[in-house]
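You will see two complexes here that share chain A, one where it goes with chain B and one where it goes with chain C.
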Partner chain A sequence: MFEARLVASATFKKILDAVKDLLTEASFDCSESGIQLQAMDNSHISLVSLMLRSDGFDKYRCDRSLTMGMNLANMAKIFKCANNDDTVTIKAQDDADVVTFMFEAKKQEKISDYEMKLMNLDQEHLGIPETDFSCVIRMPSTEFARICRDLSQFGESIVISCTKEGVKFSSGGDIGTANVKLAQTNNFDKEEECVTIEMQEPVTLTFACQYLNSFTKATPLAAQVQLSMSDNVPLVVEYQIPDLGHLRFYLAPKIEEDEN
Partner chain B sequence: MNHRVTDYFPVRRSVRKTKSTVMEERQRTLERLLRCDVEEGLEVRYFADKGRGVVTSRPFTKGDFVVEYSGDLIDLNEARRRELKYAQDMNTGCYMYYFRHNNQQYCVDATAETGKLGRLVNHSRTGNLITRTVSVDNKPRLVLIAKDDIKAGDEVTYDYGDRSKESLKYHPWLAY
Partner chain C sequence: MGILGLSKLLADLAPQAIKEGEIKHYFGRKVAIDASMCLYQFLIAVRNETGQLTSVDGETTSHLLGTFYRTIRLIENGIKPVYVFDGKPPDLKSAELNKRQERREEAQKALDKATELGDVTEIDRFNRRLVKVTRNHADEAKQLLTLMGVPYVEAPCEAEAQCAAMVKAGLVYATATEDMDALTFGSNILLRHLTFSEARKMPVQEIHLDKVLQGLELDQGAFVDLCILLGCDYTESIRGIGPKRAIELIKKHKSIDEVLKNIDANKYPAPQEWNYEGARRLFYDPEVMEATNIELKWNDPDEEGMVKFLCGDKQFNEERVRNGVKKLLKSRGSSVQGRLDGFFTVLSTTPAKRKADDKKQTPNKKKKGNAGGGRGRGRPK
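Moving on to the complex of A and B:
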């Protein structure tokens, strides 16, 4: 028996909104420690990794680990039927081929449940090693979304370069070039608005705009976003989901022309 | 052209878990069992030579939780007070289990006839259980864990650990 209850069902809506550009279907691995999802987009250029800890749920029970393959568009349809302030309960039997989503309205005068068929997805799991990154940048998630949107008008890729002076996002194309520089903020009054940079070694990497723009669909989940970079490993874009877990996107860098 | 994430991260062929995940899952399972007061796969048997004892009704695997030594969790002062009281009645068995947890001394007093099985597990210096302390909701609990694989029908025992002169005088069986 699997049962997970979350008062803030809107969190699931936001997660689905954040990943539906990249994934059409995905397996949710449920265990005693929580719900995890790891999946690559079709091109295998990016990877989504979601972790929702069991202690972040208002009720959580998982007698036996189970994997639930779901069509994310259909899951999003079901969550569209819920109000933002509804409580959601996700239920499945141990060897079930269906999952049930139950929504309870705040005053409990309305209960709706939706049953969805599960899919058997044969998905590859990647082993992601723990990495000490050369640069870790924290900044307001809305700022990051804005930069990605603005720069993608100029070219297909964004160069992110991090030095001890700050972080620079640049792009260029037929129109011309665009550069946005952010320096570390000295004002720590409002944590959410801070830009902080932890740098061991300077790094410059190039990424496809299309993917960065997809990742920023997760902006409503968190006020801050964390970018972690090292040479020769994918970029990690991480959104912390308060009290519940995190949503991470991994993006492989573009192949530099002189790399050939 | 773009690299792929699979260029950097290996595809995992098995769903092996890291050691820390395994430990974490084990701890959670234990906490759940303790919260629900689970006592399964055990029954009380009367032994002619030593009175009541606990035997298994199903096999246990090494490392499995077997039973909790449950009783009143008390501090040392309260334990001393109770020891004095119990000493006046020779029929009271010894059910006081002293232990350390996070650098603090505690005692679980299982003298009261509660129907719980942990208090009925007999002593043996070469027992098949070991005791461990686990924190559940910030309170230490004493659990008995299978030291080896245990067959169904075996008596479960553990080493009470008390070999003080005083105790041996009244309970000579503690030496074996």
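Moving on to the complex of A and C:
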């Protein structure tokens, strides 16, 4: 028996919005510690890693670990049927082939049940090595979304270069070039608006706009976003979901073609 | 023409080995393309109302047009193609080639008759059957590829075998052909429909040999024997044994030698002087060029050279050729998107659960449930 209850069903909506561009279907691994999802997009360029800790739920019960393969578009359809302030309960029997979503309206005068067929997915679990990143940048998530959106008008890829002075996003194409520089903020009054940079050594990497723009769909989940970079390893874009867990995106960098 | 009925057998018995995807998922991959198969496709498919496209002298140019546009499409999608051309056919193939020749003669006769009657659709039909890739076609294609900066390999013998050797050596990611032979020769990954026209909207099929073997519960040796039983180009098969019997027999007896000992020779007579051992040897140890001797290099296209070669006599539109070159240059210039595969290691693959249930289903149901790329049942309709 699996049961998880979350008062803020809107969080689920936001998570689905954030990942459904990249994934059409995914396996949710439910265990005692929480709900986990890890999946690469079809072309193996990006990876979505979601962790929702069991203690973040209002009620959580998982007798036996289970994996639920779900079609995310259909799941999004179901969550569209819920109001933002509804409470959601996700239920599944052990070894079931359906999952039930129950939405309760705030005043409890309306309860709706949606049952969805599960899918039989075979998915690869990837071991993600712990990396000490050369640069870790924290910035307001809306700012990051804005920069990605603006720069993607100029070219297909964005160069992110991080130095002691700050972080520079640049892009270029037929119409010209675009550069956005952010320096560390000295004002720590409002934590949410800070730009902080932890740097061991400078890094410059190139990424596809299309993917960065997909990642920024997660902006409503968190006020701050964290970008971690090292030479020749994937970029990690992390959104902390308050009191519940995190949503991380990994993106393989673009590489200069070697001459052979 | 590959292995008789193998693709259908795989769809039924090892659906998890076949994945369907879009061409753009293969960006950055090096792919060995069976050139003879491709040229043949182009000669058949690239036509206008009056038949094949020709130069002023009436020489066919369909293969060049196909090679030109489809190669550009592959490169635009970030794929690095290597074309592999057939060398001399193996001796064992002569019977098959003779048969093809006979069929061609028949088609020629039918064509003459249709021409006499003036039946246009019939003329077209038999004309297509008469299509043959000649040495001249191949040489022209090679010349074009060189101008486009795309490498090609001349196999000493069968192209599929050479492709397989290159995949095995890690020189390329996969073999792209329609012939299922490539699996028998040991290509780990086979891509089908890669060089099809975009207009057909055919998804690219990716077939993994290891999953094929897993699904059929065979090892490579038994798989080769299965392919020979199904019917390959190099020797005959036993009359009366179709795909279903073949897989049953091989599963039970593991090899053709054992199968022969155990079946009723009167009911299923083996062909006389059946050289299945020869065919087996050919699949195991085909004549190929050592992968270490192959150097693959993608160069910048030679724009003027291409214009000179394609326009003029061959009647290509100069503007289109130059546009094509621009596309090639653009794809070369930009940096390549990396993949995550190299960075992360696969820890485990969640086995498709509820496998036991699958077996309980009736065969009919199973086929239906697995039709959608083999992702299994329970897919929301």
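Criterion: the second predicted complex is superposed on the first by the 256 of 260 C-alpha atoms of A that agree within 3 Å, B and C clash if a C-alpha of one lies under 4 Å from a C-alpha of the other, contacts with A are read in each partner's own complex, and residues count from 1 in each chain.
Keep in mind that, in the parts below, a contact is a pair of C-beta atoms (placed from the backbone, for glycine too) under 8 Å apart; a residue touches a chain by one contact, two chains touch by 3 or more.
Since the structure is predicted, the reported quantities are computational estimates derived from the model, not experimental observations.
Bringing the complexes onto one copy of chain A puts chain B in a clash with chain C. In the superposition on chain A, no contact is made by A:Asp58 with either chain B or chain C. In the superposition on chain A, the chain among chain B and chain C reaching more residues of chain A is C. Of the two partner chains placed by the overlay, chain B and chain C both lie in contact with A:Ser43. By the touch criterion stated above, A:Glu192 is placed in contact with neither chain B nor chain C. In the superposed model, A:Leu126 makes contact with both chain B and chain C. Judged by the touch definition given at the top, the superposed model places A:Ser27 against chain C, while chain B stays out of reach. Of the two partner chains placed by the overlay, chain B and chain C both lie in contact with A:Ala208.
Legend: residue contacts after superposition of the two complexes on their common chain; A:Val233 is shown touching both chain B and chain C. Judged by the document's definition of touching, chain A residues 40, 43-47, 124-129, 208, 233-234, 250, 252-255 lie at the interface with chain B and also at the interface with chain C.
Those residues of chain B that touch chain A in the complex are listed here as 1-12, 15, 21, 24-25, 28-29. Chain A contributes residues 27, 40, 42-47, 67, 69, 71, 74, 97, 116-129, 156-157, 206, 208, 233-234, 250, 252-257, 260 to its touches with chain C in the complex.
Residues of chain A that touch chain B in their complex: 31-33, 40, 43-47, 124-129, 208, 232-234, 250-255. Note for the complex: chain C touches chain A at residues 16, 21-22, 24-25, 27, 296-297, 332, 334-341, 343-354, 375-380.
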